[in-house]
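See structure below.
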């Protein structure tokens, strides 16, 4: 016992024993994870997040990853010399922009995440909403009319391909590109897509990896973290401006999931290494829990 | 009987009856199709080829599509201002070029083919060699040394993801991007990839859709089509220069397949609408059959 | 392309593409076919009908054949010197007649059809209503009383043996002989039996092969073919005498099927080679469709 | 205990306990039974034999019944006025005779046995060698040439239909009619057919129900019953004339079965009610055992 | 036929044929047997009862054995010098007594029964209510309060372990020891436990092996055996004192079973060898049938 | 982050990540654990060991527990007034002693372990070698002859019952009592039984929980722990007296396991809480590894 102290042993054992009931509880359950922010950009966090997802798979859960785009899209649009256009404050996605967005999401970011998961020992398979007709969408209607281009709202999920891959022990990694019966391409919000997929799969959990500690009462002050938000409190928190900006689609996706049988939804800090693992396998949990 | 002549009825019935033994013979069998050339570019041919693949699936075969790149890659490289470099007559694929090639193949061409098949009534799922660790490769060694960059040779196929998708009635559509245990990206020849995949699946058939009537004794004269090439004749036909240029990787892929249990391999004219259907379901067959 | 004209290729491809949605629609569906008339007597039509049934099986449908008797029964009764007797206009089937009828139906006609289907590449198995307790019947009661002998009305279908054989890829061929719990033999109307079997199997289609173009408004004039009869129109058409004679049990069997979940029922011209195939796999359809 | 004596109880219990190891031993095993003679003609024996077969099925065995023809065929040939012809001492079966034989075997005798088994509580399905392509045959060649007509020798068994029916808890009842790839009809020896079917199924037992106590050393003296014949003793017993006449095809069928994995073969006295049951479920056994 | 008379054959066959409908009726059905009294103590009866249970298993039933304690418990308590204590006329089971009772039931009697069944050719597995959390109980509340110790009443059955063992062809042998979520040990009445287990399994039959001919109108006179008791007659028979003493928990267990789907319940004379077999497989039945 | 320090988070995450490859490696694998010493006697260790076994089950392993006897047996023998007898230095186990040993092992210790595992959230089922005919033995022959009584050596393992229970997610807990075809009871060494069971199951691991740190070069000095012993070194270590006394049957059981496909065998310190968990899920491992 000279090499490793008894104290270390006790701590290790305690952690394993703490994780025990969660492994049991979540066996065979689906966990939808929305990747984004630093967890997707920072190499160290990329690796730790990939390890977390693979571990979830090893212990018998069905992790499903949904990712967004981020800086890479703008970099590529720049190189193509495509200038952003706006209408009613919303970015217009014309066909050419859509092609580039699809190419970057499906051909670059998605494949990078697949590789990260596979190098970590997983068996990941990248998908867009076109593959297996996974995500169907129609054009977003904007107030006051006007054509917003290829920005879509999700109209349906056919989760069979996700089910088949999970059933074979694989990890689906999904880019937020949708299609329709004519084969058109639609750009959908990744947070919303994650919510819809979690709802259709009646997932156990929906987890958003973000660059904040969670939902903050004062966005400048991490100590104002709200640990738990009840479904019925959301409206009032929006009215108070606590749920605002990029938090709105995330919280709405949580509600959408809760409406359709998702058990618990979480907004956690993706900047802490292994935050996903700690959220799932420890008593305390991290960030903000949104639940009934 | 006034509206449609008896004669038409007889012809229709004859065609259906002719197709009968083939539907029986190929039920549950895997057919690997290498898309390329006009069948991938021309809208009419795109549609007819997609219909053919979907029909094969409907009648119980397992079609697996492998595609190449084509003009879209060069157009995008141009827009990025990337200039082609050559070494020993081979194009050098540096990391930047590789990123663009992957983005176009996996994020643009692959998804377009998936959409075409889905609009035709199929349930297609796009893959690269990274997805499900499908295609592993290492760097191509070139004579005289020198670094050719991200050009790879296939070192292994893990066909599980293809198997799982076929088993669920879906159509895998594969871009010729490979990976390795470090998660690197390798560009592999699409013809070769098709051959390796057919070999690993012990496919019933491997079919190349090309822009020629098949293997021609005189490349200028379609009437010199060679209907059948025996495995053992290949070496001599290469020596005579009949098998040359772009035909070499195709014929080599045929041989590779035949070595590993593929029953028949075909090089057919993708410019004829429904050439795939006619090749599979009619007595005569089209193009060149390469077999033992 | 010198040997077979492009035009022929185009027509063949068009036929295959036309058949595509039907193959898809009917995969795994049960089609009950009532053989009779020329399709059962004429050698050319025997072969073409057998090919049609086998093709249906190949492409994944579950064809179930029900046949009647025809001239062979009378020829054999004649040779035995059995004279027909009538009561209330109905033929009396005494025990001796019943024995001969059963022998001819089950031992001669049924086995000939089984052989035809097997030579065409199928795997047919002949059954009577005794086999697997498939068809139960009781004595037909006639107006004014009187003993009509072994003429039965169907009281129940136990379709397990049909299900088991279809599930194993075989084609059940059924003679209209019924039984009861005492093991008695009953002669039942073949059209009625086909309707009951289709109803119990909740078949997709019930098709009668007849020696007329379908239901004719004027039985002498083929140009008066009624392409479609709605369920609710049947009573009125009977009152008008359009549905009369041998058409009555056929149309009644159609209604019986429709009552129990059969999707579509057809009365078609068995004198046209491959009429069954053309009915199933072409847009136009043949003969008369009876549906809701 | 006044109504039924203790003694009766003890005997009943003893019988059940004696049967125990046999029920265990034969669970899931196939037993091929060749019906013939009195067991097929006498109403009391018909019923008791049917009960025996159904009991075997109830306790988990897979009984398969093969039957012959008997007097009914000659009666029908007589009524048709067909006169027997002979060549080299063998009856010539011309096409017309064959039709009648098939009609009687498949349409009359076979269906009567099916009914008997079903009335006894079984679920029997009648088959000929045409059904499911079960028995293939070619013409018997006779010494000195000459055309013997439709007399066939078995060339192959495709037992799938038997397997499928047994697997569904049904009892196949097989008439000795064979076919070939052209759909011809062949009359085969029922004893031989039973042996071939038992061999192809690698049956546990093959049992012949006959009108003798078994193989007798002196055919006139039942007390000369041979209880057991070893495979290697057969040749010498034939040379001595002990195995002669109708016993030859039976014993040859036993040997054929033993060659292909049948465990035990029996020739027993079908004139004793429930002889089949007693043979299977009691220590002593009946008749003659032919084994390795 | 000189060695065994025809008469014996006829009787054997009759017994087997009589047993036939019962083997059919009970295939795959669960029969819960409460062992007790002489059937558990007398070596001859032990063997015959074990044979009966094994035969039931062989012919496809799922026998489940529940046993009580008997003299062995008192002998062991004596050797330990533990004196019985009573409260309100009920024996108090303190922890020490409970330990001894568990040790004797689970470690001695249960294992002896397992061995008896295995020597008879079965594959038995001994269980207590702790194994697989099979029987849950809480403390019995007694009138007027007071602590009765470890005497429990059943609060729930988790029959999974019984199901799994039956499904694998094994025979569960259950000692009436129960547990709770804290892992405590409770002594439950074996008759009651048998009733609860039969109810939870929705058994076909529940059979009590006792040392009386059944329920007697006059307990001194075997000729007053009541062959059948209807559910609704029980209350009145209790009021009359016909159902009294040790019969009360048995009859109550019968009613409990009948309430939850058990088809028939029996109280039979375990002193007659093979009484279980005769009850199950003969027309007459033994003892008293309690049913709806 | 004020409540739980970042440091703690990092340590927890590190432990979970360390455990990851082991959970993956051992999924679906069988681990045979020999309980004994303090881990079986000390309440704290009982609980922690039970938690460890249940965790193994939760993460998909198949733990199988084998236990010995210990002080409880002697206490009970004392209370019965049974005096130990010795022959050739071995304790003689007469029938009376055997009964007590069986009662204590199967009825007391085994059930206590089952309860411990069930309270910890498992689904344990207690077995002896009689249950499911699991362990067969014959009398141990001792040098110089003489009857050692009911001391047995294992002659065979029928692991079906263990397999069935593991397959249903249950945890078999096995007492070292064996049987034979006559139903006799044999006392076998628990270490040896564990080795035989691990060998028959071709377990991944065999782990002995002991009251020492492992195999010590100097039994008085824990710092002389031997971390790894190769199969081929065992003989020499025995000759040196390093492997001696109670270590001999343990090491021999390890070798027996290794001979039959067990991958790794361990002798670890059961006095450290969660030593089993730490051995399985951490890089370092505890105690002595015996391997090829």
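So that you can tell them apart, the chains are marked A, B, C, D, E and F in the order they are listed, and the count of residues begins at 1 in each.
Methods note: contacts are C-beta pairs under 8 Å (C-beta built on N, C-alpha and C of every residue); 3 or more make two chains touch, one makes a residue touch a chain.
Quick caveat, the model's predicted, so the values are computed rather than measured.
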- Task: Count the smallest number of chain-to-chain hops linking subunit D with subunit F, moving only between touching chains.
- Result: 2
- Hop count on the shortest chain-contact route linking subunit C and subunit F comes to 3
- With residue numbering as the guide, point to the option in A-B, D-E or E-F that repeats B-C in over half of the contact pairs. D-E
- Item | Pair sharing more residue contacts (C-beta pairs) when E-F is set against A-F | E-F
- Task: Could you please state the distance in Å, as a whole number, between where the Cα atoms of subunit C are centred and where those of subunit E are centred?
- Result: 58
- Message: Measuring centre to centre with CA averages, how many angstrom lie between subunit A and subunit D?
- Response: 70
- Quick one: which bits of subunit C touch subunit B in the complex? Just the residue numbers, please. 1-4, 6, 9-13, 15-21, 23-24, 27, 48, 51, 54-55, 58-60, 121, 213, 222-223, 272-274, 277-278, 281-282, 284
- In the complex with subunit A, residue positions of subunit B that touch it: 76, 79-80, 99, 102-108, 110-111, 114-116, 118-119, 123-128, 130-133, 160-161, 164-165, 168, 170, 177, 179, 181-183, 185
